[in-house]
Amino acid sequence: MEKRINSLVDQMYPSLQEWRRDFHKYAESGWVEYRTASKVASQLAAWGYEVKAGREVVAEDARMGVPPQEFLRAQEQRALSQGAVAEWLPQLSGGFTGVVGILDTGRPGPTVAFRVDMDALDLQESGELDHLPAAGAYASVNPNMMHACGHDAHTAIGLGLAYVLSQCKDELHGRIKLIFQPAEEGVRGAKAMVEAGVADDVDRLFASHVGTGVPLGEVVCGAYGYLATTKLDVTYRGVAAHAGGSPEEGKNALLAAASAVMNLHSITRHSGGNSRINVGVLEAGSGRNIIPNRAAFKLETRGDTTEVNEYILSRALDIIQGSAQMYGVESTIEIVGKAGSSDPSPELLPYIHAQAGKVPEVTSVVESISAGGSEDATYLMERVKQNGGLASYVVFGTTLAAGHHNEKFDIDEEVMKIAVKTLALCALNIHELAAPIMADAR
Amino acid sequence: MEKRINSLVDQMYPSLQEWRRDFHKYAESGWVEYRTASKVASQLAAWGYEVKAGREVVAEDARMGVPPQEFLRAQEQRALSQGAVAEWLPQLSGGFTGVVGILDTGRPGPTVAFRVDMDALDLQESGELDHLPAAGAYASVNPNMMHACGHDAHTAIGLGLAYVLSQCKDELHGRIKLIFQPAEEGVRGAKAMVEAGVADDVDRLFASHVGTGVPLGEVVCGAYGYLATTKLDVTYRGVAAHAGGSPEEGKNALLAAASAVMNLHSITRHSGGNSRINVGVLEAGSGRNIIPNRAAFKLETRGDTTEVNEYILSRALDIIQGSAQMYGVESTIEIVGKAGSSDPSPELLPYIHAQAGKVPEVTSVVESISAGGSEDATYLMERVKQNGGLASYVVFGTTLAAGHHNEKFDIDEEVMKIAVKTLALCALNIHELAAPIMADAR
Amino acid sequence: MEKRINSLVDQMYPSLQEWRRDFHKYAESGWVEYRTASKVASQLAAWGYEVKAGREVVAEDARMGVPPQEFLRAQEQRALSQGAVAEWLPQLSGGFTGVVGILDTGRPGPTVAFRVDMDALDLQESGELDHLPAAGAYASVNPNMMHACGHDAHTAIGLGLAYVLSQCKDELHGRIKLIFQPAEEGVRGAKAMVEAGVADDVDRLFASHVGTGVPLGEVVCGAYGYLATTKLDVTYRGVAAHAGGSPEEGKNALLAAASAVMNLHSITRHSGGNSRINVGVLEAGSGRNIIPNRAAFKLETRGDTTEVNEYILSRALDIIQGSAQMYGVESTIEIVGKAGSSDPSPELLPYIHAQAGKVPEVTSVVESISAGGSEDATYLMERVKQNGGLASYVVFGTTLAAGHHNEKFDIDEEVMKIAVKTLALCALNIHELAAPIMADAR
Amino acid sequence: MEKRINSLVDQMYPSLQEWRRDFHKYAESGWVEYRTASKVASQLAAWGYEVKAGREVVAEDARMGVPPQEFLRAQEQRALSQGAVAEWLPQLSGGFTGVVGILDTGRPGPTVAFRVDMDALDLQESGELDHLPAAGAYASVNPNMMHACGHDAHTAIGLGLAYVLSQCKDELHGRIKLIFQPAEEGVRGAKAMVEAGVADDVDRLFASHVGTGVPLGEVVCGAYGYLATTKLDVTYRGVAAHAGGSPEEGKNALLAAASAVMNLHSITRHSGGNSRINVGVLEAGSGRNIIPNRAAFKLETRGDTTEVNEYILSRALDIIQGSAQMYGVESTIEIVGKAGSSDPSPELLPYIHAQAGKVPEVTSVVESISAGGSEDATYLMERVKQNGGLASYVVFGTTLAAGHHNEKFDIDEEVMKIAVKTLALCALNIHELAAPIMADAR
């Protein structure tokens, strides 16, 4: 059966490339992946998957950092003009761009889920000819949207996996669940899918990522140490006044923000682990001689553990409100992104190790690495683990032309082969993994 | 009659000197003027004045910056040992060291009041022999209490005036009221006497001061522009914690105070006039490696007008509370001193000018000057003016050995003659001043 | 002769309106008044004035707040397309948009100068029909440039005055000098004309303004109390770094700016007069998770006197540099505007009073008012006064549709009549003013 | 031989108690351990040790946080009056209270050193009778000096060890070196002994501590993770001025300090490990209405590694100097304590484990624990390790009446038996430890 999978994937490699380049060219940022999601939904349905999309799999109030309605509407039009599958748009409309495909084998066994993120970054792609997508005419045509983190490949891998598994349905056990998630950048989308219940019946979860500094041919069975994080947008609204003529009539939002910034960075460390805080952007005021009546700033907190992050967040909220009180300005605090910390289930690592070892292109398998940054797949992982399931975050190495989030980011597409093969084997052999499944309890 | 007054004052000059040097030697700071006040009360009674003292003339809750009970008790003992008049102490006990003497002529006419402040500064007097009080053995024997602002002379002038007027009773009209006030330094005492009603029946009020840069022989009829001011003591209480081991358990009172200090000094100017703010003292923390759980700071606000000062004060309170909220510390804010702004009644200036002109030792009379600093006589002046009366703040020039509040401050005692004579004439001729009096309305 | 002037001005009123509306429609902001200045130069030459323009009258290095070269070039093209007089453009090119017209009567007498400012504000004019210029189709066609302070009327008045005086040349004495200044908004242009020497030979200077709250028909002979001011643009450049992965590699320009802002607002008051400081605009950082490597802020200082302003400025520079040192960031500080304080010469006020009194439309003449805000005419006034000459700042009242710097600002054009008549009389009768002139010393 | 040691120690236990209680009663804080050090020196000499003391073993310029000369002199007098051994005082005078005792066996073998710290804390000991030293009349008689960290026991253990080893000299190899160090509290003394060369010839170093949360009967072979730390005292000197009358003449040291405090706490985290910063004490200003001309604050930095600590320190110095520049105040920065991070040599741990296992009273031996806080024994350990030697930090558990640094801190004295026995065995069997020694290379 491993051979069959190898051969299926090798045959479909041109499709993987085509899909990835198509998604790359029509890069769509978080919550407006209308074209991408509609194509995914359409394909899954064609291959016999039960497809759920939109509000069914994305809880409205749990979404974070959703763009304004006008932008959503304009982007939906843009997607349509770029070839979105029209029949799926009504379900996705309004920023509900999540899709879930389910394949029930009818045979007993666990529910095995794969998480795939689809969104692009807010970044203008390089047009220089030493950048392969530019030279190959598949650089992003959408201004300030670019797949500079590999989610185009993730989506293609997800489709490839869906196809391969649909072809091997008779060899599989339990249920297969492919979770295509919007808005991973800014850790905005996973929580809404978890709140909609998509992880509630999952026994085994495989989240994955390409690149991240791991060389091509190497597979990491579990990345641990993702930092818990919260992203906040703060707006202060005061009262403008002429700075020369009647300064006392003003309420100075810029001063309130400067004070908040100073004090936010002063938050004491936590003995429970590393923490971070950063006010990355601040804009305030309208004219040199006007007491500034508006200030807006963007910040993020991080912590080695969810507890440490919550401590920093709680102190930050006190400071943001206290500084507003100091200056008599009104504050609006919006949480626009959030992720916890969730480490891989140790029981799953040797299993993944064994599957990766069967893939011909794999030259090295590593048990685990320490991750930097944050990931909202942790929401899905935590839910699965809370329910007694197992989850891991697999990294598939690839050669990078430039670092993640760089305007010349590019991957070696070979990684897609390795990823589809490894993940397909993870699904195929899942009955070999001796561990309780919820199905037993059901 | 002017001659009679001249001659009376010339004769009593040795007594004026003796009184002044006695008060100088036994300098008593605010709210503990037990010896001074008891001597004043005793003399006034001896000269036929109706005397009110203690709680009758000092409203308990309106007192500001009263020292702790222990200190009050110890000082009362000290005063007794230094010759306080024992029979008056029970009335003054507990920090109620105000005295009012009333002389009713029985003849129709206004109530004419004189305000006299009696307290010394918290300052160690110089013991060097180029300092006349030290050379003359009447430097203060009370540690860290010194008459470095001339209130010793004020008290002597008040007594001299009381004596002269008692001798001229048959030539006077209306009622004479001598208001001996405690705790002018730090602007703590006047409000309590006003709240006790001592200014409610006053038609004409003469507050006065010696020195302030005016040369000997010159009389200023009205000083205007005293800054409204508020004195605040703030304490923050947080939670201590080991700064290395568990910093997150602390609530940092020092950081809260540093933030408050920065923001207090940032309070925007007011277009209605000059303002000031100063945090003059800050003490916080107990050990280098402990998150500081306590911080205390002393500040003052000032404004050209009461409105401007209230604006600064109101903003300051917001900031002090906002900073406490930022750091989750508890704040205690105590107003330990307060004075408004009150300008002289213009109608009174020519009258004072005329009286001063009759005093042989006066070489120059100036209508008005701009004052610096703050004075709580403004409370009495405002009350009188609100009731339809007239009030002024008269300055009697004198040669100074060193500036006010300096450890070698000293005056030319000749000024006492000029002051007693001028103020006595102000009382004597008050019926010549054509202006409505409350008595008319009564 | 007064009658002749009255009649000349009455006849030319339609031209005044036409000029003003033309300048209003083609509003040009500071240093790009190419169209306005070329038209002024062309007219002055046509009326027999010796005309100096560009670098002759604008010292290159003393200009402040000059826009980038690209903008200057684009605006020159724009001006040409809007009817600028091509032959004058080469002289004005590169942001040298000052013009001086000189009329030498050949008769002995002082050099009498009038200062006229020509620039518009950076403001988008209202297009609503209750705004007269919009209804009359002469609202500004240049985006974000609007005559919302009356300099369009000033330029028209200057032209009208030039014409009238050219017609009365035989009745005049001494020399007439009309100084058309660029970039008064932001107090950027006067210094460069002073440094070029345009005020060095002036014996009598009349600066003027319309509106400012004074009613139509009223003339104010001298506005005093313009605040000395400095406008500063500050940029901090640090080093970006990933806020989660390697924060220690960054140098945080946003924190440096927040610290500077806090401390700038904390600068202690000066006992020599009122002061102001305001950081009106701050922009910093590029992304939430990036240590901000750039911050830019705009501030202004003000003082009742030049000394007070210099004190605030000097402290501000210490703080800006100290904060940069704190964070290891590089700072660039550009002074983009500056004006001193200069009060009218008292000797000139009765003279102006007399001339205004002769104008039929004038219903009230006021000796002086206290001005708010800042004006760089003070540079010219100071230079004239330093040389022994006399200078004043005359205000011609007018009805305003909305306040200065408002998008619906508009004047009653009648004021132009009053202004031209009054100023023409000031030139005509200047020999009646008995005061030394530099010409005597020459 | 183990038996001999057991028996020797059991016999001398009353002496250990007597010594410990004597040192406890006459507690001496850092750099004034005149009585303690003179007694140690005298005993070592009596037992046949070569004794070095004072400047021989304490490098003058490398001492940190030395009290003022006056205090040193007064304390030397105090020590003499409390029974210091007079003949040793001249060597120790002036704050050179280190002592080293050397026992050369004449037999080949490594130089084995033991580090003993002798100083008390700045703390007032409890006088309540539930505090054993108070009940037993051996509470500290020196005000504000208390052995609340166990260094009294350390000194007694050091003496006991010296005695036992002197008795077993014929069974020992190599050289024994007992290093009695002053001023460990505040991490002030070790560096000066290292700079004087006392660790240069050491092949095996055993530093040790009692308590720290480890139970009685348990021995920890190596404590790792002491935080690198720096202790700083900062003073700002500005210029005083009257806050109402002439604030612009002041240079505000309190504001400079508040700004420094805010920015110090804002120092960005380091990705290389945990860090800490704390301003624990701040005192500034002299009077409410005076611009504060003086501010002093105490801070400490810490880091998981010396590199992280140096990063925080370097940033702190920039901020302290930048804030001084902001306010034009002069800054004085004194490093009053410093320690690095140094982990135990792994090769030494099994050896210590084996020795501790031979001690009858030991019930449990633990390989290693993670330490909190900081220790300047790390300086000695680093020097030994740099020279190719081995070093560890051994913890001997004991029951504590209250936590370290508490006014009721007390130990179970039984621990002294365990410590002397274990350390004596470590010396005795050192030839069994197969590891290179410098002697081989000599």
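Chains here go by letter, A, B, C and D, matching the order in which they are written, and residues are numbered from 1 within each.
Please note the rule applied: a contact is a pair of C-beta atoms (placed from the backbone, for glycine too) under 8 Å apart; a residue touches a chain by one contact, two chains touch by 3 or more.
In UniProt terms, the chains line up like this: A, B, C, D = M20 family metallo-hydrolase.
Remember, predicted model here, so these are calculated numbers, not experimental data.
Fewest steps needed to get from subunit A (M20 family metallo-hydrolase) to subunit D (M20 family metallo-hydrolase), stepping only to touching chains, is 1. Of all the chains, the one whose CA centre sits at the greatest distance from that of subunit A (M20 family metallo-hydrolase) is B.
The centroid of the Cα atoms in subunit A (M20 family metallo-hydrolase) and the matching centroid in subunit C (M20 family metallo-hydrolase) are 55 Å apart.
Averaged Cα coordinates give subunit A (M20 family metallo-hydrolase) a centre that lies 70 Å from the centre of subunit B (M20 family metallo-hydrolase). Centroids built from CA atoms put subunit C (M20 family metallo-hydrolase) at 50 Å from subunit B (M20 family metallo-hydrolase).
Among all residues of subunit D (M20 family metallo-hydrolase), those that touch two or more other chains are 245, 247, 255, 259, 262-263, 265-266, 268-269, 276, 291. The touch graph of the protein chains shown is complete. Residues 186, 227, 229, 231, 243-245, 247, 254-255, 257-259, 261-262, 265, 276, 278-292, 295, 298-300, 302, 372-374 of subunit A (M20 family metallo-hydrolase) touch subunit C (M20 family metallo-hydrolase) in their complex. The touching residues of subunit C (M20 family metallo-hydrolase), counted against subunit B (M20 family metallo-hydrolase) in their complex, run 262-263, 265-266, 268-269, 274-276. Chain contact summary for the complex, subunit A (M20 family metallo-hydrolase) toward subunit B (M20 family metallo-hydrolase): residues 245-248, 250, 252, 255, 259, 262-263, 266, 268-272, 291, 311, 318-319, 321-328.
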